[in-house]
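Each chain carries a letter (A, B, C and D) given by its place in the written order, and its residues are counted from 1.
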Amino acid sequence: MFSTLGTVFKVTTFGESHCAGVGVVVDGCPSRLPLVEADIQHQLDRRRPGQSRLSTDRNEADSVVILSGTENGLTLGSPIGLLVLNKDQRPTDYASMRQVPRPSHADYTYQIKYGIRAASGGGRSSARETIARVAAGAVAEKLLRERFGMEIVAWVGAVGDVDAPDVDLLTVDRAGVDRFDVRCPHAESAERMMAEIARVKAAKDSLGGVVVCVCRNVPAGLGEPVFGKTEALLAQAMLSIPATKGFEIGSGFSGARMLGSRHNDPFVAKDGRLGTLTNRSGGVQGGITNGEPIVFRVAFKPPATIGRAQETVDFDGAPVTLEAGGRHDPCVVPRAVGGRHDPCVVPRAVPIVESMAALVLADLALIQSIRC
Amino acid sequence: MFSTLGTVFKVTTFGESHCAGVGVVVDGCPSRLPLVEADIQHQLDRRRPGQSRLSTDRNEADSVVILSGTENGLTLGSPIGLLVLNKDQRPTDYASMRQVPRPSHADYTYQIKYGIRAASGGGRSSARETIARVAAGAVAEKLLRERFGMEIVAWVGAVGDVDAPDVDLLTVDRAGVDRFDVRCPHAESAERMMAEIARVKAAKDSLGGVVVCVCRNVPAGLGEPVFGKTEALLAQAMLSIPATKGFEIGSGFSGARMLGSRHNDPFVAKDGRLGTLTNRSGGVQGGITNGEPIVFRVAFKPPATIGRAQETVDFDGAPVTLEAGGRHDPCVVPRAVGGRHDPCVVPRAVPIVESMAALVLADLALIQSIRC
Amino acid sequence: MFSTLGTVFKVTTFGESHCAGVGVVVDGCPSRLPLVEADIQHQLDRRRPGQSRLSTDRNEADSVVILSGTENGLTLGSPIGLLVLNKDQRPTDYASMRQVPRPSHADYTYQIKYGIRAASGGGRSSARETIARVAAGAVAEKLLRERFGMEIVAWVGAVGDVDAPDVDLLTVDRAGVDRFDVRCPHAESAERMMAEIARVKAAKDSLGGVVVCVCRNVPAGLGEPVFGKTEALLAQAMLSIPATKGFEIGSGFSGARMLGSRHNDPFVAKDGRLGTLTNRSGGVQGGITNGEPIVFRVAFKPPATIGRAQETVDFDGAPVTLEAGGRHDPCVVPRAVGGRHDPCVVPRAVPIVESMAALVLADLALIQSIRC
Amino acid sequence: MFSTLGTVFKVTTFGESHCAGVGVVVDGCPSRLPLVEADIQHQLDRRRPGQSRLSTDRNEADSVVILSGTENGLTLGSPIGLLVLNKDQRPTDYASMRQVPRPSHADYTYQIKYGIRAASGGGRSSARETIARVAAGAVAEKLLRERFGMEIVAWVGAVGDVDAPDVDLLTVDRAGVDRFDVRCPHAESAERMMAEIARVKAAKDSLGGVVVCVCRNVPAGLGEPVFGKTEALLAQAMLSIPATKGFEIGSGFSGARMLGSRHNDPFVAKDGRLGTLTNRSGGVQGGITNGEPIVFRVAFKPPATIGRAQETVDFDGAPVTLEAGGRHDPCVVPRAVGGRHDPCVVPRAVPIVESMAALVLADLALIQSIRC
């Protein structure tokens, strides 16, 4: 259950790591929107593994096909079916891990939940599932850009202990973000982050980080009171991304330390509308957008798959040393963690965060467009 | 829209600050659960303003009535209607604020969204709306306790810059939490928090804080892959509470700074099941509960309503000094912020956080109970 | 579950026959719609028992109160809570029927489903639940009338074997429908229907019938392909009304006997748009409204509660003669069917059918209003 | 919108007549259900055009591929993606009909709704869309059969004016139904129906009919009060099938003519449970199944596509004679109705009706399985 997100702009995803393909159905996209595969492929390419030295070697084309919902490059108003075939499956890489649930992976919880799990890789908990989100998000972004003029840009704000300074929220763009493999637009920080990732990779370890996202030109009035507050839906969307552990909007956790007199955003007149002098609210007040940029941050834990030896137990509770190519124990699972994995996922998470933000905003924008 | 939350255990709330009443319909609660008003009233009393010197003077009984769905103290399986009448309305307190949108309140965004807003108070953005959540949450908690043995306990982990040390997640209970008005179970921290609140109150200012919550005896297997991950639904639920700015589960934002080798939770055998040695995951892996306690934290900003003077503009963009009882400007709105408000909401937020957690877990537990 | 209907204009009902009250939450109604209790009360009065000699003697005021969602007679955009208290409960009338499931009532199925049932009356299967539908439907109708100019009129087309001739779909109105207690606008048929009802009532029996409904000024383009076809949602809405056994739109079952050349509705130019010469489609093509009147018919079975003796069994399978005031058997349940019930429900079903149609069309009209 | 059906067993369809393919995502199917393509293909073959002399010549293999959700022939609990590629598209057949909306087709309503429509064929209103329903329905049927022991059998009960007599609801099976191309299990009626279809086909006309369906071994207790009544969801499901005009359950429209004393189903003891002597209720009471067979009937209008000349207007309102290969008017659209279409769709509708019934019952059965 819960493979569907959204009320009006509604996406339903399917596919796991090693089946025939991963896809999504986008229902509720307005008609007559120009849409071709290239509109979607660009973000898939940014998400794709094997783009740089920083990420896994698993190199898949991840080419998307539009199965339905468009004709002559225009949407018909009918559901848009998108499919990316899984070309490079290598299930044997994973065969041996069947008896040992990898620490901080979903092997154990899936087994308990379903009484079965995909033999190869993490099933629906695999990062490969995010292909569907990015494909759908690209459609949402096209809609937001063409019909509402909105822009969404995410970047890496921290890797491990390396924090980038704040960037200019009004000018940061994807070209600047993509200038470095690590997708941090601040050059000096980017260099330090990449060095840190290289160091950790060499140590067969992994590293977490933070993705920051800004949504610009968001009209005031989006978001629905109570359970559909903009920040509530963004939080759900972001915490649904694999490996996320936290979400904060505007002042976030640091706002909890401020006095009200400092935290409040005074109103000012801006171009014939009301704006705010500061933006600790992060673009939302009472759950509804106020016309200022939406700014939020997402915490990603370090990837659970590491090459270093780990002491754990198998499904029967017997102690096991889990290690890539290890030889320390007869129970050892030699290639259990020998798959192709990133030491740090945040650079590739950037387009995923953008996509999830786009899905939320497309839904809220269409809902707010209801007129009578 | 979006006044409904949940798929199987489904709640729909209604009511704003100064209408006839606030209520909720709980649909999908199993039959034959013992349920009387007292089961619900207790948490409403903990949420109620006027409980202590720390909170607003607005004293309302907030007595709940069960309108439907039970007979002879047992649920029938039909929707449970719950209603709390608004007894103390004082709309005149708010009459004068109509022309000035209060900074960091929802006056402006509601006006833009709906072209109208409740004249008195913040409409659906008022904290009074949370009565419905707490009432519904109490039903959910009863279900979780009686049918699943689960326990949910929240407390204040920080007020402004006063951070309480970690508490024992396995033993902290509501009696301990309620020992101090500020609802922090750590005595020394509680004293310091209360002193800080008193100081800020005297300065006509306000203060944010952090609520921590633990859910114990949660069976492994709850949560739905992709968009219904336990942490995703908790994040939505928490960020839907007024004044929240952040959510983190397990290691949270600090997890983004750890190495994988340190962050991973090794499995160990525990009472015939697998458990984990550490719990940086916060009780979830791949979005699905693993049987360990769920632990999360929620950041609350300082309340926007303060007595100190604020420079802002009115709906027409003209400068205004907003001050309780102020006299500095002919445009001033004397009682605009003279309402009854808390300098720090986190103590009263504790039962709200517990209630929202209960709503999420009740839904997920019923979904996971589907058998065939 | 399933106490909620609609996607954008969303109603959630609660309440059963003998609890404190019956109510509904209407979420998604646009703001600034004029709405006061009187707008709702009128249809509730038409639904109310005890209006005429034809219906039950149970006389309840059924006064509706708006609990939330309006201020100064205008909707705020927030959920509208509506409540009708149950004043006349007489649970003792039903006390004795606890051990015998009444034939063709829901006593048995509710008991099996929930392991419990409301001791008095039929719980959620009671006709009293329809109060909530009519209250919500009145809000929907107000919206459809004020914002879209739509009109909905239903009437009794048949009672038992008495069929009224077709009426003029363009002019039939509620005044004409209400001219006779039986709510058939054709005078001669109305007289015959009333005579038939009186005859059957004297025989302690009951009678079914058919309600016909027309929706006028429906814009072309409402309805959503595949599962949200206008006729599909109307069919669900109508078959959700107690005692209904069938639904047909346009040509309906008789259309199954026609040749395509006779059934097809040729297009013609009408006032600058395309219309159809005939309307066997009933106002929909491919599930989407075509601008012609929507016409449908709903079959109601005879009420299951009759005064005549019935041979049946109790919950343990033991034979019982069920009779109002009967004395034939020691097992007999004297007042089991001594409640206050109609010999024919179709006159009172007229506003219920109108209300359900309004709920469906309000939802589809708002959905179609989505623009970007 | 509305391409998704169901709450727990949830299907989302995509695809139109002439795009790359038609497919469906089945979310919420329990894990460990044996499922391979052959389980699905059988019903697709029964739906497929070109099976017999009775149906269109459009011969497509309609081979289904399972894209996700299974491994080693067992479901994983993750969404099941199913795809059928469109092999035989012939868009040129339809090219000429762009300027003339075919009478009683959806060309006009889609154009008005979306401001665009699929150039070739009827887009989502095409019968080809039902492939997705049948594929998903086959999964639902497998679940119902394996886990609940339910059986669903539909057949043709009438073609035009040829009515088949009632069949034995307890023994009718698919082998008996498929004995004749027309899918009526009563031999003599089948012969007459086939003769009638041949006659009408020769006259370049089309014919409607009725499909009857029985669901056996349905446990008591399925269906949700108020808006989720079994008959309400079945009615929605059936009226969502293209070309349907009516639905009736149990006594249906004829029940509206009966007296209550005749219509009521007395209870009797049956194998340790309560059953009913008659089954005018059609297996449901108060919207909840009572353990008796569910029996319902669906009316299908004659297909709108006929070879005979039709006087209509084009999109601009100008008169046109629409005829297959006709030459009567310079405005004529020669091949506008020269596509490959059935003179009578009811034989092919049989598996569609079964599939939609299976989708509804699978959802209700899973919902009722919720335990705590």
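Quick notes on this structure:
The rule is simple: a contact is a pair of C-beta atoms (placed from the backbone, for glycine too) under 8 Å apart; a residue touches a chain by one contact, two chains touch by 3 or more.
For clarity, every value in this text was computed on a predicted model and none was experimentally measured.
With centres defined by CA atoms alone, the chain at the far end from chain B is D.
Measuring from the averaged C-alpha position of chain A to that of chain B gives a distance of 27 Å. Per-chain CA centroids place chain A at a distance of 39 Å from chain D. Multi-chain contact residues of chain A (touching two or more other chains): 1-4, 7-8, 13, 78, 113, 123-124, 225, 367. Taken as a graph of touching chains, this assembly is fully connected, with contact between every pair of chains. Residues 1-4, 8, 10, 12-16, 19-23, 25, 27-28, 31-32, 65-72, 74, 76-81, 83, 113-119, 123-124 of chain C are the ones touching chain B in the complex. Those residues of chain C that touch chain D in the shared complex are 1-5, 7, 13, 101, 103-106, 108-110, 112-113, 122-125, 129, 158, 160-161, 200, 205-210, 220-221, 223-229, 231-240, 242, 244-253, 255-261, 263-269, 274, 276, 280-282, 284-291, 299-306, 308, 310-313, 315, 317, 367-368.
Against chain B, the residues of chain D that register as touching in their complex are 7-8, 30, 78, 143, 147-148, 225, 365-367, 369-372.
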